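In what follows, chain A forms one complex with chain B and a second complex with chain C.
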Partner chain A sequence: MLANQIGYYSLLLGLLSSFLLCIVSAKDFNSSNNKINQNILSLSFLQLMLVVVSFLSLIISFVNSDFSNETVFNNSHTTKPLFYKISGTWGNHEGSLLLWLMVLTLFIFLFLIKSREQPKKYRILTLLFQQIIIIGFFLFVLMTSNPFNYLFPVPNEGLGLNPILQDPALAIHPPILYLGYVGTSVIFSSALAAVVLNYISKDWGQHIKKWVLVSWIFLTVGIMLGSIWAYYELGWGGFWFWDPVENISLMPWLSLTALLHCITVLEKRNMFTSWVVILSISTFTLSMCGTFLVRSGILNSIHTFANDPARGVFILIFLFVLISLSLIIFFIFQKKNYKDLQLFWLSRETSVLINNWFMMYFLSVVLIGTVYPIFLDVISSEKISVGPPFYQKLITPFLIVFLLLMSFVPRLKWIKSKIDNKNSLIIIFIISVMLSLLIIKNLKVDLLFNTILVSAAFFLFFTTLKELFDKKLNIAQTLSHFGFSLLVLSILFNSILSSETITNIKIGERYNYSNGEIFLKRIEKKKESNFESIIAYFEIKDRNSKTIELKPEIRIYNQPKTITSEADIKTSILNDKFLVMSHVKGNEYFNIRYQVKPFMIWIWTSVLLISFGGLMSLFKKKNEK
Partner chain B sequence: MYGKKVKLRFIFLTLVLISLILTVFLVLQSLKENVVYFQSPSEIKSLIELDKKRIRIGGMVKERSVFINSDEINFIITDFKNEINVSYSGVVPNLFAEGKGVVAEGFLKDKNYFSATKILAKHDENYMPPEVKEALGDK
Partner chain C sequence: MKIFKIILIVFFSLGFYQLKSDEKTAAIEIKILKNIRCLICQGQSVHDSESEFAFSIKQIVKKKISEGLKEKQIYDFLKDKYGEWIVYDPGFNKNTYILWLLPLLLFFLAGAIMIKKLIFKK
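After this line comes the complex of A and B, so read on.
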């Protein structure tokens, strides 16, 4: 009860502090003092603390199962383990928005601390733009999704958290992803501030690159966590489904990746200034659109929470205001760079430009595939969905060219360059083609297409591997590129070599599939605090009569009454063995799907490598200074 | 007439334009091929020509219509006006049950028989896919 009130009032005070901050910093903007007013920093810290207090009190309400709070009532239950009571705080619409808000205030505070060497006006203006976003979110939370609504009479028991969200990966996935999303807001605000002050320059590039890197790392890891969760929890046996919600997290990532490359050019050569600003704006807009589409219930997906049109309208208006504001600022203040900077075909600058074109292409494909169904539904009320073949068909051919370019273009030097070591490149290329031919020949797949694709990936793999040993180039960058080649290779072999057996089986029955035998030994029933589970004991013998035991589970949760399938996965370096079962009530058959998925662990490892490259780059920056 | 720079810029712009048009064309083409339409059993009954494309069908699983043998699951999807037989082999989502909403993706064999390749997962007992709701006329 008390926590509820504290939470609500500290939110209100937080909003008030936003207005105060705006006034104080507007006053300070034109003052002659070269240093930023100390009050601004304290106020920003106060604001952060107020939101933290609010967030903590929501957590306390969740831990105490205080059902007088509507959010807790809707999303918690007394029998839920403590860990999921806490993670349930951000497993719902209201709580997750509060988390957004908390990260927003945290980042602007960190920005103020970390930007002491930057011009005062630029810092204040960034703060002001950020406060506009923050005020928007405060209003959104308070008006449409207040996490502290009272319920009277107080119910005895809550409705419970959707069991598929009761999972460790999903407990950390939203916070990490949000750190990435919200990080882009700082880039957005500071890009706008820099445009107004005509401060888009090498210095700015160097300073904002840290924020780009941090957001990019969190976004990458956040997307990966979501993907891992979908892999083992949803039981579809894949890691990427081109589901609208997945696409929506991929779009800001693509835009941010383009920005990450582009900003190096700004930092070193003071070029592409407008493009950097456009990318900064679009990255944040895409992050916001993501939140909008997911929260508004327009997308029919696993993330859809209760639909409330008011929320959708609010975010839509907010989004509209932000986009128009940024466009107006961009067109009024952006100074054309008439300095005649020469751009040669073979140079680092062009290579970054090419990277950006590819990113933009991938981005448009994903955008069209995601938005087109919504668009069609609105204008013709025809219901459609866009399947994975759409993306595969449009992305794969371009991926080949992308991989080939990525293999040697990053070696180019600034301004004007030529390709060194042509011989070693050709040798590596021939080796890659031979190797791919050798592998693909033995598999029953389309020879030409797959060979080209795998060769391109191997080419990148070997060139980056060689560079890692040569240590001539930027190691962080090479590591990320190496990780990317590993990712593409793992995904390719995963999709080529995966095998799947589907059958219905009774207890005690044996089923012979093409590669061995599946035996359902017995089932066992167990009772846990908030669910009952049926555990099935399977023995799977493969051709080499190696036997493995897999124990998939069906869980029947009490609150809300939901059934989930827990897949059992045996992971090894070479492949994952994945077994999931389902059961139709009152039937003696269990439906099972047994999959052998090669290189699953390498997919996750390579994504970690990619983000580790980013981390190295971040720390290298600090050491240089 | 024009300087070398202008010429180069012109060629460059034409190239960008051509690639842009090509891309748009490519995207639209594959969109056409890979779009999956949603239909209700009644809509299928009123079809004049059978489409060989992949479609989605949504409605309710008819009571006492689920029948499972060792390689297939057979059931009937109904929108309370018309119904269609569905056969499927694979793992059904957890909330698949008689008298509940369902969306199946696959191919039509004829107007009464649908071969599903995917039964879509629904994660909430009270949740009804908007398409199904519409197909059932908000029942």
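After this line comes the complex of A and C, so read on.
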């Protein structure tokens, strides 16, 4: 009860501190003092602390199962384990927005501390733009999604959290993803500030690149965590469904990746200034659109947990304001570069341009694929589905070209360059084609198409691998590119080589499938605090008569009453063995689905490699100074 | 005609290529089921769903395959019954020209703009 009040009032005070900050910094903006007013830092810290207090009090309400709080009532239950009571705080609409807000205030405070050597006016202006976003979020939370609504009479028991959200990966997936999303807000604010002050330059590029890297790393890892969760929790063994909400997290990632490449050109050559600003704006806009589309319930997706038109309208207006503001600023202040840009065909600049060209294409495919059905529905009320086949058809052919270019173009030097080691490139290319041909020929898949695709991926794999052993300058970049080739290869072989068996089975029965035998030994019933579970003990013998034991589970949660299937997965270097079962209505049979999924672990490892490359690049920058 | 077809299928399924043709139909069945949306679920394919709707669709698809219908004919049948929405792969028709062509158009347009705005030297 008390925590509830404290949380609400510290939110109000946080909003107040936003206005104070705006006034103080506006005053300081034109003062002759070279240093930023110390009060601004203190106020920013105070604001952060107020939101942290508010967030902590929501956590306390969740831990104490204080059902006088509407959010807690809607999303928690006394029998839930403590860990999920805490993670339930951001497993719902109101709490997750409060988390957004907390990260927003945290990042602007960090920005102020970390930008001491930057010009004062630029720092203040960035703060002001960031405060516009922060005020918007304060109002959004307080007006449409107050996490501290009071319920009277106080209910005895809560409604509980959706069981599929009660999961360790999903407890950390939103915070990590938000760190990435919100990081792009700092890039957005500072890009606008730099445009106004005509400060888009090498110095700015060097300074903002750290923020780009940090956001990019969090976004990459955040998306991966969501994918891992979908893989083992949703129960059908896929890891990417081209579901609208997944696409929405991929869009800012694509835009941010383009920015990450483009910013190096700004940093080193002071070129593509306008394009960097456009990418900064679009990345943040896409992150915001993500929040809007997910929260408004327009999309038909497993992630949607809020359906409230008032919220949708608010975010739509907010988004409209932010986009128009940034466009107006861009068109008024951005200095036109009338001087023609001259580039050499073979140069690092052109290679980055090509990267951005493809990134924007992939982005447009995902964007159009996601929003086109909505538009068509509105215009002609005809409903169509845009699923995996659409994305595969439009992306794969371009991915082949992209992979081939990626194999040698990033090695080009600035200004003017030539292709080194042509012979070794040709040899590697021939090896890649031969190897792919040898592998694909033995599989029952389309020979020509798959060979081309796999060859391109192998080509990148071997060239980057070779470079890793060379004493080359840019290990961070090579590592990320190597990780990307590994990712593509793992996904390809995973989709080509996956196999599955579906059958009904009862206790004591043996089932022979094409590659071995499945035996259901026994089942066991267990009772946990908030669910009952049926654990089945399976023995699976494969052709080499190696036996493994898998224990999938069916869980019957008490609140809300839901039945979930928990897969059991045995991971090894070569493949994952994935078994999931469900109860067949009205008899003693269980429906089981046994899948052998090759190279799953390599998909996750390669994404980690990609982000690790980013991390290396971040620390390399620090050491140089 | 129908009986003739069934006899033909039974004949083949008992025949020499029993295992192989079975495997092939199973693969096509999975491919089709993965491409059909479970209409009462949230973003799941029929293949991945255990709802009753998915169950009945699985039966229909199985039946249609055994009747000898081609992949496309099965989609057409389902589209007639449930609307375009049920198929994940949007066909190329007047509703989807923009969907398929706009990304490609943007790609080439962006390329053209780059070549026009920037001066490339050998």
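Here is the rule we go by: the second predicted complex is superposed on the first by the 618 of 625 C-alpha atoms of A that agree within 3 Å, B and C clash if a C-alpha of one lies under 4 Å from a C-alpha of the other, contacts with A are read in each partner's own complex, and residues count from 1 in each chain.
Keep this in mind: a contact is a pair of C-beta atoms (placed from the backbone, for glycine too) under 8 Å apart; a residue touches a chain by one contact, two chains touch by 3 or more.
Everything numeric in this text was worked out from a predicted model, so none of it was measured.
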item	value
Partners on chain A (chain B, chain C) - clash or fit	clash
Touching partner for A:M360 - first (chain B), second (chain C), both, neither	second
Partner chain(s) touched by A:I505 [first = chain B, second = chain C, both, neither]	first
Partner chain in contact with A:G95 - chain B first, chain C second, else both or neither	neither
Chain B versus chain C as contact partner of A:G387, first or second or both or neither	both
Partner chain(s) touched by A:M581 [first = chain B, second = chain C, both, neither]	first
First (chain B), second (chain C), both or neither touched by A:T350	second
Which superposed partner A:G290 touches (first chain B, second chain C, both, neither)	neither
Contacts of A:N591 with chain B and chain C, given as first, second, both or neither	both
Partner chain in contact with A:Y372 - chain B first, chain C second, else both or neither	both
Intersection of chain A interface sets (partners chain B, chain C)	234-236, 300, 302, 361, 364-365, 368-369, 372, 382-387, 389-390, 394, 582, 591
Contact footprint of chain B on chain A as seen in their complex	162, 164, 234-236, 300, 302, 361, 364-365, 368-369, 372, 382-387, 389-390, 393-394, 502-505, 511, 554, 560-565, 580-582, 584-585, 587, 589, 591-593
Touching residues on chain C, where the partner in the complex is chain A	23, 30, 34-35, 37, 42-45, 47-48, 50, 83-90, 95-96, 98-100, 102-104, 106-107, 110-111, 114, 117-122
Chain C partner contacts - residues on chain A that touch it in the complex	234-236, 238, 241, 243-244, 300-302, 304, 340-345, 350, 353, 357, 360-361, 364-365, 368-369, 372, 376, 380, 382-390, 394, 398, 500, 514, 582, 591
Touching residues (chain side chain B, partner chain A) in the complex	23, 26-27, 30-31, 33-38, 54, 56, 66, 68-73, 89-97, 121, 123-125, 129-131, 134
